[in-house]
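After this come two complexes, each holding chain A, first together with chain B and then together with chain C.
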Partner chain A sequence: MIVKQPAVAGTLESSDIQVSIFPNPGNGLDIQLQSIAKAQFGDSILETTRAVLAEFEITDAVVSLVDKGAFDWVIRSRLQAACCRATESKFNWKGED
Partner chain B sequence: MATTKLKRTSLYASGATPINMIQAAFYNEDCIVYDMEDSVPLAEKDSARLLIYNTVRYHRPANKYVMIRVNGLYSEFIEEDLEAAVRARPDAIRIPKVEYKEEAVRICQRITEIEKEAGLEPGKIEVWCNIESYLGMINAYEIATADPRIEALALGAEDFTASMKSTRTKAGLEIFYARNAILTACRQAGIEAIDAVFSDINDPEGLKEDTTLTRNLGFDGKTCVHPRQIDIVNSFFTPSAKEIKYALRVLEAVEEGKRLKKGAVTLDGSMIDKPMELRARTTLAQAEAAGVAIGGNLK
Partner chain C sequence: MINAVGREIPEKIGSYVVKPYAGPMETIEADAPVVSKRKPSKRAVGENKLLPDLKAAILATGLKDGMTISFHHSFREGDKIIGQVLTVIRELGIKGLRFAPSAVVNIKNPSIVSFVKDGTINRIQASGIRGELGDAVVNGEVELAEPVILRPHGSRPHAIETGDLTIDVAFIGASAADDFGNCTGQIGPNACGALGYSFIDATSADKVVVITDNLVPYPCVPMSISQMYVDYVVKVDEIGDPAKIGAGATRMTKNPRDLLIAQRCADIMAASRLFKDGYSFQTGAGAIPVACTNFLADYTEQAGIQSSFTLGGMTGAIVDMHNRGLLRTMLCSQSFDAVAARAIAEDPNVLEIDNSMYANMFNKSCVLDKLNFGILGALEVDVDFNINILTGSSGEMMGGIGGGPDVADGADISIVTLPIVRGRIPSVVDKVFTCCTPGSSVAVVVTEAGIALNPKHRSYQMLKEDLDAAGIKTVTIESLRDLAYSMTGVPKPIETTDKITCIVEYRDGTVIDVIRQIKRD
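And now, the complex of A and B:
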């Protein structure tokens, strides 16, 4: 999917993560991570990020992550919301079956 | 048919706030309600829906009855809310502001359709209908019997009093009739009845008074607005040692009467009738569900 517009999901509150996605046509993925737990969970957060972007077939985007200690499913949820907003698409619920 | 699975307390956790959702799992409420409705700002409905879906589907708290409250029946969000909520596989979906039987039927039919699409066992997800207006109250029995998956009606007092043009008070006289009407409908339908919240989280004595009435009227549980209300409300819906002991004595007397082929049985000089036996069995079932040790062999 094409990132059509900048989009943000999540907050800077404890246990949350703020995900910002920007168009980056033709320049691939550029993922930037700030996290209070980067040393412990940085790789895992990046892995989840790449997985969700792949599910949305997003190949060109700048993704900024500001993590405040979010659990993996919170990270996944915020990424999914940001991807839907950035691509102006609805979430594919049937894909969850 | 109503079960004795505990539903003493229901606590809402906003789908807008991960920390609230995470913390809610650590309190003692029997039912946790992940909320897509009132606690979520309009601009965050999509985000909350995904957060609730991923939480319930993949990280649901153990030993809780898990519910999802979706947005209103006539909102632009209801269809996608149901798509997400059914696929999340909660114990129940809670529907706000139900006023007519047809609304409950429509929602239950849609849940069935999504269950089929998703390959889920049909009918497994229960439905709670929030009754929050005089119309809902008037039609409570029809709503309660609209579909077998309807497990409970829950009174929403703030919206109810607004619909009545009455003033919400701590004493609650303005909702006394609604409480009884909804409770009667639930009893006739054989489903659970859940009482309204007590809104002042800084008034534990007021909560105790209100919950005394809730329990004496016959409700099965109460919705809580704050974690600090949970233990107080739970205590009112957990039978005391004295009540358990009396219930055991009632059932022992009934059994003794059967053994001796007596037509009438007495205990402490009073005749034991069927309603007393039923109350005794309910007391023991509630105690057992709450994990309270019960002496004797009769349950």
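And now, the complex of A and C:
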């Protein structure tokens, strides 16, 4: 899907993550991560981010992640919300099990 | 080589010869007499011990490049003495000092890091180097001549008495002092309570300088430190910031998770057969210990008994328990808040004691040898019950060792209290990043998700029977780790280089762990 507009999901509260997505036409994925848990979970956060972007078939975007120690399922949800907003698409609830 | 808690440690670190931690029963006592640099010295008739300023005092001590200076940390983050003294030392151009306070708290303006960067300090020994200094050390941002040596409270007096740590000049901050050096932390606008950490410095240093902002008529009473150990006295404008020394009483937490952990901790103590008239306990500072003290006081009242003593660092909650008649004596090496600080001066059953009497295992006996229940905080605990109280999830310096290893080893029942996760960071893990307290000395881990007993602890059988009889359920430490990891995921190990930045000593003077420089991108 195409990132049509900048979009944000999440807050800077502790245990949350703020995900911002910006259009990046023709330039691929540029993921920037700031996290208080980077040493132990940085790789895991990036892996989740790439997985969610792949689910939305987003190939061109600048993604900024400011993580305040969110659990993986929070990160996943914030990413999904931001992707829906950025691509102006509705979330596919049937896709979840 | 690998020590008894499975840590890989070189045989020599620079010129430091490693004695590896060998387990609880392996300690060998020295047969040499106690070392002190204190010299017999006569005050000349008419000589003034009260000098006009810090510069005059530092010059009078003969402080030179490469010497060792010490301070106490009883003013906590409100300390204004260390900054003032180091600033004058810098102005005098004295370099390469070994900085050996009882602990380094996170002092800013001026920051300790600046004195390391300009070479005023090139070696550090303390119980902790929390904050900016610690982070600079583990990140390799400052160059020191040797790794930092971190020791538990009980081990510092031992290191001084064996001569491993000799002190040339001790600077002792006091909230009241007279012109001959009798002094105390109990009275005055910047009262901090007990000066228990500085007694060993007063008796062992070559030169002792008392620094106060509250010069009182001779003689200063209470008399925590005697004039017979003091060479010089200096009056400065301000020794501390009372708001940061510890204003008011430490408050009771409203955090339901902390309250639950505190309640469970008190439940365990009350269920033990050792909970009887005359029992003893140590809780310490922080939200969970304070709440736990309050719950324990209620259980003590309900049982119609009285505790004989509490030990170590004191809070207002403990003073309350004492005032309710539920606790006979308070043996204070440190006072964590203003209520606890004041109590020493007002009540003969609240005693200021030497930190060495509290926790040094190489005394003819320390008070910890008599302790029934010891409550400990922790950043991490692992499935071998080893405790990390120093380093955080990115390897950053989060705390000091404090008296935790001493208390765990001394108490009949040592209880570690911590939540299983903090944010995304699991606190019950496979292997702690830095081992400060060996698991063999930890009896119980209490979390909001369950209580785990250490089957290898000497009190296990007794405790298991007592908790079973009281209907208190326990789980395995592995199940707590699994639960934590199910929420957080399995953490990736923190990456380090080979360079050793800190040596972590145990209470017997052996090396329990080292902290290697953290790899940063």
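As a convention for this text, the second predicted complex is superposed on the first by the 96 of 97 C-alpha atoms of A that agree within 3 Å, B and C clash if a C-alpha of one lies under 4 Å from a C-alpha of the other, contacts with A are read in each partner's own complex, and residues count from 1 in each chain.
Going forward, a contact is a pair of C-beta atoms (placed from the backbone, for glycine too) under 8 Å apart; a residue touches a chain by one contact, two chains touch by 3 or more.
Computed from a prediction, not measured in an experiment: that's the story for all the values here.
Undergrad: Taking the superposition as given, does A:93 touch the first partner, chain B, the second, chain C, both, or neither?
TA: The first partner, chain B, only.
Undergrad: Let me test your reading of the model: by the given contact rule, A:85 touches which partner, first (chain B), second (chain C), both or neither?
TA: First partner only.
Undergrad: Touch check for A:39: first (chain B), second (chain C), both, or neither?
TA: In the superposed model, A:39 contacts chain C only, not chain B.
Undergrad: Determine, under the contact definition given at the top, whether A:51 touches first (chain B), second (chain C), both, or neither.
TA: neither
Undergrad: State whether A:13 touches chain B only (first), chain C only (second), both chains, or neither.
TA: In the superposition, A:13 touches chain B alone.
Undergrad: Is the number of chain A residues in contact higher for chain B or for chain C?
TA: Larger number of chain A residues touched: B.
Undergrad: Identify the partner contact of A:77: answer first if only chain B is touched, second if only chain C is, both if each is, neither if none is.
TA: Once the two structures are laid over each other on A, A:77 reaches chain B alone.
Undergrad: What is the shared patch of chain A, the residues that chain B and chain C both contact?
TA: Residues 14-15, 70-71 of chain A touch both chain B and chain C.
Undergrad: For a test of understanding, state which residues of chain C touch chain A in their complex under the given definition.
TA: Touching chain A from chain C are residues 393-395, 422-425, 487-489, 491-492, 494-495, 518.
Undergrad: Going by the contact rule set out above, which residues of chain B touch chain A in the complex?
TA: 17-19, 22, 46-47, 49-51, 53-55, 57-59, 80, 83-84, 87, 117-119
Undergrad: Where on chain A is chain B touching in the complex?
TA: 9-10, 13-16, 70-71, 73-74, 76-78, 80-81, 84-85, 90-91, 93-94, 96-97
Undergrad: Under the stated contact criterion, what part of chain A meets chain C in this complex?
TA: Contacts found on chain A: 14-15, 36-44, 68-72.
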